[in-house]
Amino acid sequence: MEETKINAQPIDSKIPEGPIAEKWTNYKAHQKLVNPANKRKLDIIVVGTGLAGASAAATLGEMGFNVLNFCIQDSPRRAHSIAAQGGINAAKNYQNDGDSVYRLFYDTVKGGDYRAREANVYRLAEVSNNIIDQCVAQGVPFAREYGGLLANRSFGGAQVSRTFYAKGQTGQQLLLGAYSSLNRMIHAGKVKSYNRYEMHDVVIIDGRARGIIAKNLVTGKLERFAAHAVVIATGGYGNTYFLSTNAMGCNCSAAMACYRHGAYFANPAYVQIHPTCIPVHGDKQSKLTLMSESLRNDGRIWVPKSIEDAKKLQAGQIKGSDIPEEERDYYLERRYPAFGNLVPRDVASRAAKERCDKGYGVNNTGKAVFLDFSEAINRLGIDVIRQRYGNLFDMYEEITDVNPGELANEINGVKYYNPMMIYPAIHYTMGGIWVDYELQTSIKGLFAIGECNFSDHGANRLGASALMQGLADGYFVLPYTIQNYLSDQISVPRFSTDAPEFDAAEKKVQADLDHMMSIQGKRSVDSIHKELGNVMWDYVGMARTKESLEIALSKLKELRKEFENNLFIPGTQEGMNIELDKAFRLRDFITMGELIAYDALNRHESCGGHFREEHQTEEGEAKRDDENFFYVACWKYNGDDETAPTLIKEPLHYEAIKVQTRNYKS
Amino acid sequence: MWLTNSSVGRKIVMSVTGLFLVLFVTFHALMNAVALISFDAYNAICEFLGANWYAVLGTLILAGGFAIHIIFAFWLTLQNRKARGNIRYAVTSKPKEVEWASQNMLVLGLIVLCFLVLHLVQFWAKMQLPELMGEHIMPGKWYLEATFSHLWVLPVYLIGFAALWFHICHGFWSAFQTLGTANDKWIERWQCISKWWATIVFILFAVEACYFTWFFAL
Amino acid sequence: METNISFKIKVWRQANPHAEGRFETYEMHDIPTDTSFLEMMDILNEQLIEQGQEPVAFDHDCREGICGMCSLYVNGHPHGPATGATTCQLYMRRFKDGDTITVEPWRSAAFPVIKDLMVNRNAFDQIQQAGGYISFQTGGAQDANAIPISKVAADEAMDSATCIGCGACVAACKNGSAMLFLSAKVSQFALLPQGRAEAKRRVKAMLAKMDELGFGNCTNTGACSAECPKNIKLSNISRLNREFLSAKCSD
């Protein structure tokens, strides 16, 4: 194993001066702006149409810039933000339960296990309220009380009710809101929309991002696009694990293209495992389905107290509803009395794994725990519960053939309903392209927003914060900060796509595609991707060790060889070739997998979504090492995929919050 | 003109003319019902609706309504076939919520039209038309006898009435839906009213035709 | 309980938008019934790749019924025989051993086939672009609680807004009409006070665009709503008609 190279060059995160609460106000007051006549002369490429991409493209268009907006799906409305179920946080304090910008900021930093950049998180909490105003004005039908005002619910990692929601489809409604603003700008001619296009490379001219090479997925042709700045909003890299809650098309190729050009990749090891997904059922499975975290408001998580009951459950001899209240181990409520079932995701996921590893799993694979609504249904009635979670219950029933709202048993006068079965699954990636306070990457003119960047969630993201971050970046942060960059670009004329840099970039991409087509081996893309997923889940998954990570790195090297020598893609490059598109993404997933493993290996501590078995307390809780690892790990590409990247550290400085051990027990 | 340029406009034309025809059919059925009670009264009605200016005007409006309804029906159907594309599904299956009539309105309408032509030949062409041309005509009862004394007339009329029943069952509520007067509750109410209305009209016509056949042919 | 089934699958293959299409029949063996329909398609594609053939192209993405990408016409129904579910939420337990399953693309003049089972639904985006929004600048919004909205209206708007834009309504309609899709969006905004200000402009612009794109005329058969994976209600269409009529009458 080669030593990780560490680069000592300083890193400038451009955090403004002043007290935390005034940084963003000060920044906006003193930043450079672009006047309306000049905005018309500037072009911006936005890759991606999720919450971050669509909101940024729409807002930049409204401001007067010319925007080119790309998505791989057939319509901008299909981006995977649409699948977010639970809700969006904001510090409105409409419920009068003591919420404030500071508290949202504090909860987010604490939830992120003190590995987020303080100033970014404070700004996020600050603009959270504007997001709700914005969305309501767009016609997003948030849930309301009978009095006509907005309703809230609580979410993991918080002791206040600050989550706004639209049934179990909040992501859909927020994305459709952003999509409607985007449509308005497309209609006005300020945004040009390119659907079924996939970015294959970013074009750098004189050290600045000046365009992209994108493939028209229908014709199979590579096309060139030039602009004054490029914004990447292409989401996370969860599909490195093959099975995840991400959509099938989610990929990290755009991010990897930036990384290969020298953009730092930060904290790749921070991968969020969501505790409430439907368990894996077989090796033909293509993806995992999330059951919204909001279910934990009324659902109670348990496994049997006795190992005998667990064995009977695994053998299919009894059902969950056959086990009476006193025989159930509500292990989250037992271990974390203060937060109970609402502990953050990383904590809940590890607790489930701990129980299942001890043999208490409740399905035939032994990898599932129960999520039970009996108590809530008995307390509130089935109608109230269906009103809250009806569509989630239906979804669960369609997939598993079990209706969680159905009365299953009555023991000693207590009614027991069918419990759901859940198990943790890869859901979100906190790591991403490194950005400074302005959301600019380490390449000038290249910006990264939404899940694609690393900035706000530290080592773990709280529920209902992803939507908040995506929209904050797109509506309220990037449209300001990008002007600070563009203000001195107004005299730069539009670039011709005939520039030699475009030629070179297109040739390179074409050569890569030609190479993949020419391998003509024996294995399909999916079969290699599944193998990658298994390596990642087994060795770089929920619990990692030095040994497992080293095994992973050597297995990934093998896998790359397999990809390079034994891949088979049918068809030609003429027209649509879905296998070629998937192969292009898989190549980058393999590199991404290595990057995750390198980072995980380097971080000798447990924090948030990164758990090293060597670093835990006697009770099995994560043990951080603030003395040695209180930094953002930024990885710099070293010229080719085979070589290990160089680590650059961005030290964290906390002014407003005192770093302490996370405690959800009391 | 938005009534011809927009899809909703065209449908509004269909629904307004359709509702007008439903009203006409209803009055027609009620008028005929008079003959069940008294042929003298029926003769008086026929005379009242002869070659008088108001009756002629009414006939013209009615004919216009029919014409527009039929022309639009063909026009819409042609557009809809084009919108469907050139290749048809290999397998189709009707969801149970979908009424059979709703997918076959043109065919049902054509059956009603054929019946209408026959009916016009048997009555209007012998009553209002010659009267307009200054010829002397017989009282209404005479024409009933001339028609219903033939036994084949009854089954043909019943087929026409049945097609009309299906056509009104869908057309009636559909018109109110198109005119924007429906919501979750009223869709069901209009559907219910539509069935009742169509059934009452059908029963009236059927009873009348059966009675006349019994009276004149048996 | 899980069992395995074997069946034939008849799939529409078409190389590109201009090519002639045809049905191909494939044999599928021992597919577990808890496999989703699209996972079964994945298995079919792996088989085809193994034989050196091109896999069947079909649209799919989130595989949890919300993105609206999947669009297969299975055994005479858009999204298959399950009600209130998209193709990706369809499971093989709905089928029997020995069945022949026919899979076709959406058929509508406004949705031309791109390849195999994949169609171009850009027309839906164009309808939305014509007016499916509330016009205001980012940052210009008032406090979210400044306008109270009755829970009834908000819930009904939410039901309409649930539309995923998959196009099943058009695929199911014998007239190739997009009225259910259009009415869902118009209804969402018509029900909310924020949307009232430009309600008239919106309904006229969106309807004109829909007509221009070659969708058919609605004849209220109700097949759209019956086949809709999100149960968008027929009453939305009546609301659309009402909005349009009142907009035209006040011109």
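Letters A, B and C name the chains as they come in the text, with residue numbers starting at 1 for each one.
Just so it is clear, a residue touches a chain if its C-beta (ideal position, glycine included) is under 8 Å from a C-beta of that chain, and two chains touch if they have at least 3 such contacts.
The model shown is predicted, which means the values in this text are computed figures rather than measured ones.
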Per-chain Cα mean versus the mean over all protein Cα atoms: which chain has them closest together? C
Of all chains present, which has the mean Cα position farthest from that of subunit C? B
Which two chains are joined by the greatest number of C-beta pairs in contact? A-C
Where the centres are mean C-alpha positions, what is the separation of subunit A from subunit C, in Å? 27
CA centroids of subunit B and subunit C: separation to the nearest Å works out as 37
For subunit A paired with subunit B, centre-to-centre distance based on mean C-alpha positions, whole Å: 62
Taking the complex as given, what residues does subunit B use to touch subunit C? 2, 5-12, 76, 79-80, 82-99, 102-103, 105, 170, 173-174, 177-184, 186-187
Subunit C to subunit A touching residues, read off their complex: 15-16, 32, 34-36, 38-39, 42-43, 46, 48-50, 52-55, 57, 59-69, 82, 84-85, 89, 91, 93, 114-115, 118, 120-122, 124-125, 128-145, 147-151, 154-155, 157-158, 161-162, 164-165, 188-189, 192, 194-195
Residue numbers of subunit A touching subunit C in their complex, please. 55, 58-59, 62, 73-80, 82-83, 92, 94, 130, 132-150, 166-167, 169, 171-173, 176, 179-181, 183-184, 186-187, 193, 195, 218, 245, 247-249, 281-282, 284-287, 289-290, 394-395, 398-399, 401, 475-476, 479, 524, 526-527, 568, 570-571, 575-579
Spell out the residues on subunit C that touch subunit B in their complex, using ranges where they run on. 10, 21, 23, 73, 75-77, 102, 104, 107-111, 172, 174-177, 179, 207-208, 210-211, 214-223, 225-227, 233-235, 237-246, 248
